[in-house]
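What follows is a single structure, and I will ask about it in a moment.
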């Protein structure tokens, strides 16, 4: 694949990658590595999966799409906006329960969410954010949802859920492991409790940069990228 | 169909418009009538809430009145008032985003009131307060109503800052515009269209109503 | 430090304010001076872009002028103009969100111009067009400048609709307010603070400048 | 030649008048306050529409209810000085005066305007704004602005009411000279017997 | 007793005047247009501040540059009728008149106001808005509004200029009766010799 790309003037090339916001940190790093290797520029657009899907349908100049959930890719494949043969699973996301230790609440298991001193639990909106849906599924499987639903605050996405916790307005929240930094206090949620957060990548059919796109989707599965993805807490399939 | 977002939106927009109108008339009057050092900078400053993306404004608001903040601690610990993630926070967010609109409208309409009328009222022995209420305000009425209309519409549509400080709690803080956003994000376009029609109808009815009151008032 | 979001924001806000001012003065004048059936409904309708969450507005705009739409097809296939995901789409989004502000300000300030002055100009043989430019517009100037200020601030801060139709492409469509949003979302609070200071300074300078021109104009 | 026949009704008020005035003649509308003098001249200027009647200038119909003719004010070539001056507050005195002039050349317009201002002793005020003028100064500027367009008819609504007697007497003489020079019909609403004596050829009682 | 000594300068204009007028007396400020008459009475009313001088009513200083005294207009108890009426356009005639009255009882205020309107033959216009009045009607309402507050001094800036002669003559008589009844100093800016003859005890030339 390396070779095919070399025929083109690489400096002029820009690859546009649209990705769900939970990938921000991991993808920015992978992008850097990719740029070093291929000498072209990668431009990321991070946003909510739903917004990005709409933008691709309506002709956004995007070459590669990395949503947080499989459903959206399938929808785009049905519409002919993503090339079916390029659909590829490259990582599996994990969710965590994050707590704000400044508030003196100790959460050692999901069970503790029932405690009275916990008044607000932030999760991304399960109606459109895949990580929020996984959070809701986990709480349901754990038999907690009905007991704590009244404490749940929906945020726009996983980053905002984390902000609610970081600013101390929600004592706990469920967010993506990939967003967690060293100084945070978190608890990994058992992946058996929710449907797998399959991270799929695909190439946009109206892209006129499909060669380079292919190079990127291949690169995401390369050992170099796997290291980064693992570093940010993704499981590799 | 769950109507609570609709009631909530109307409630939040009504409270917010009321407070915005009062504060906006006050500040607008100060900007129109008082001379003080740094006035033009102050006048530009009050416009600033408009230039920040509402979500960002919401973030700053969250760290200003949130639980961990100085103000938040006083509110919670001393006064036992919890704002964050309640509809009251949505009102505060709405006030902040719509205030610049109100202030500008009030300021320019007060500036265009003929000052000789205010002078005559002075010679008739009236206090500045009574001149304000009986001469300036009625004569600036058109612009003030224009400001109220803008403030109401803006707070019906407020979403970014609200989401940040009030959260999105169905039945408690999920306003119509947050519900619309949710529907669009979730790909439920029919529901979104329906809610858009709903919010548009409510707004049009409210504006026609404001307009009607305004007409009757004039004679 | 990458300054392109700043240049882009200034560019988008300037174009948008220019068009908003022209269209807003036109529609504001129609609302102030013309009588027609359904006027009060029309007047409420022009306020509607304010009540929709900008992202939702952006969604509707996207399906109206996007590749899949009738308009989009004509633009792309016949005229070879691609709007979506260029800075031009950001200008269009900004115009739509700030137009209601401009229209309202213009309308109420034109309504408060003394009609006998326009009558006198008529007897002096002036066409309606020349009366508009030489009497009505200058006398309504304060309110119009107020509207321009609001429109400029609103388009500096525009973010939801812009993100939807113009995307977030660094160097091409990433405006300052989108960059701020990104920074806050990414937890880069220092960068966000810096950008907020930057956008605030630009706006304040722009508003002081508008103010100054306005003062000088008055003699 | 100006011919006027109009009827106009408000809820508690009605006028029904008919009069005519030839070129070079001055008609004075004379009568108590609130008798419809201002309404009459606003009708002639085309600023309000009478309920019935017609208005004719030099045999040309500019308004006729029955024939459904109503020339817009801008094409009536009528000089109109309203009761409350109506000066444009955002224009200097000189710009108020040249506002209605048809000449292309700006210098020419300014020279003409200064000549007009000189007649009324206001040439030193040419760069002032209306709000810097006294009441009488404003009114004189308004009269000169109307004359500056070479109108076919001149309508003056109490033009001298704010002037002091000396200025008034001089202005009357000047204006009389103007009137004969222009040779147009002049309609003068006034309360001053002396205005009627010096200027008017005819009186219409209101 | 009203004592006035004021100096005021604009870029191309300066006045420097001193005069006094006793209770029950009428002083007429008489002089050409633009000579500073309006500026003088606005200074007395407290609406503009003179550059130097003092103003005294009944031995009480209401303005003194040197002593740094400047009573605000609302506490000067001065009736002021500006040159351009200054009626409140959003209030009916009756509400304009009762606006400054101090009585508590609204019915009483209305009765008093109707009495005042009757003097000027305008009681049938009490529920009209100013824009529905003719020029002269507006001015009469403005005068009555000023008298309605029982002022200590009455300032009239060309109050009769828009009135027709009959109304004027009646109003002069009425007002003369009022003046003697109230026994306050009256300052009258006018261009009409007849006003001066009938009403004025004194003239200040401008």
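For reference, chains read A, B, C, D and E in written order, and residue numbers begin at 1 within each chain.
To be clear about the criterion, a residue touches a chain if its C-beta (ideal position, glycine included) is under 8 Å from a C-beta of that chain, and two chains touch if they have at least 3 such contacts.
Chains and their UniProt names: B, C = Molybdenum transport system permease; D, E = Molybdate transport system ATP-binding protein.
Note that the structure is predicted; figures quoted are calculated from it, not measured.
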In contact with subunit B as well as subunit D, sorted by label, we have C, E
Which chain's C-alpha centroid is most distant from that of subunit C?
E
So the centre of each chain is just the mean of its C-alpha atoms; given that, what is the distance between subunit C and subunit D in Å?
44
Between subunit A and subunit E, what's the gap in Å when you average each chain's C-alpha atoms?
79
Mean-CA-position distance for subunit C and subunit B (Å)
20
Name the residues of subunit C that each touch 2 or more other chains.
55, 59, 184
Could you check subunit A for residues that touch two or more other chains and list them?
51, 160, 163
Touching two or more other chains, which residues of subunit E qualify?
84
Pairs of chains, among all present, that meet the touch criterion
A-B, A-C, B-C, B-E, C-D, D-E
Complex interface listing, subunit A residues touching subunit C
16, 21, 24-25, 43, 45-47, 51, 54-55, 57-61, 157, 159-160, 162-163, 166, 179, 181
The answer for subunit E against subunit B in the complex is residues 45-47, 72-80, 82, 84, 86, 88-90, 99-100, 102, 129, 145-146, 149
Interfacial residue positions of subunit B with respect to subunit C in the complex:
40-41, 43-45, 47-48, 50-56, 59-60, 100-101, 104-105, 107-109, 111-112, 142-143, 145-146, 149-150, 153-154, 156-157, 159-160, 177-178, 180-181, 184, 192, 196, 199-200, 203-204, 207-208, 211
With touch defined as at the start, can you tell me which subunit B residues reach subunit A in the complex?
55, 59, 62-63, 66-68, 84-85, 163-164, 167-170, 174, 182, 184-187
Subunit E-touching residues of subunit D, taken from the complex the two chains share
10, 12, 30-35, 37-38, 83-84, 124, 132-137, 140, 157-158, 161-168, 191-193
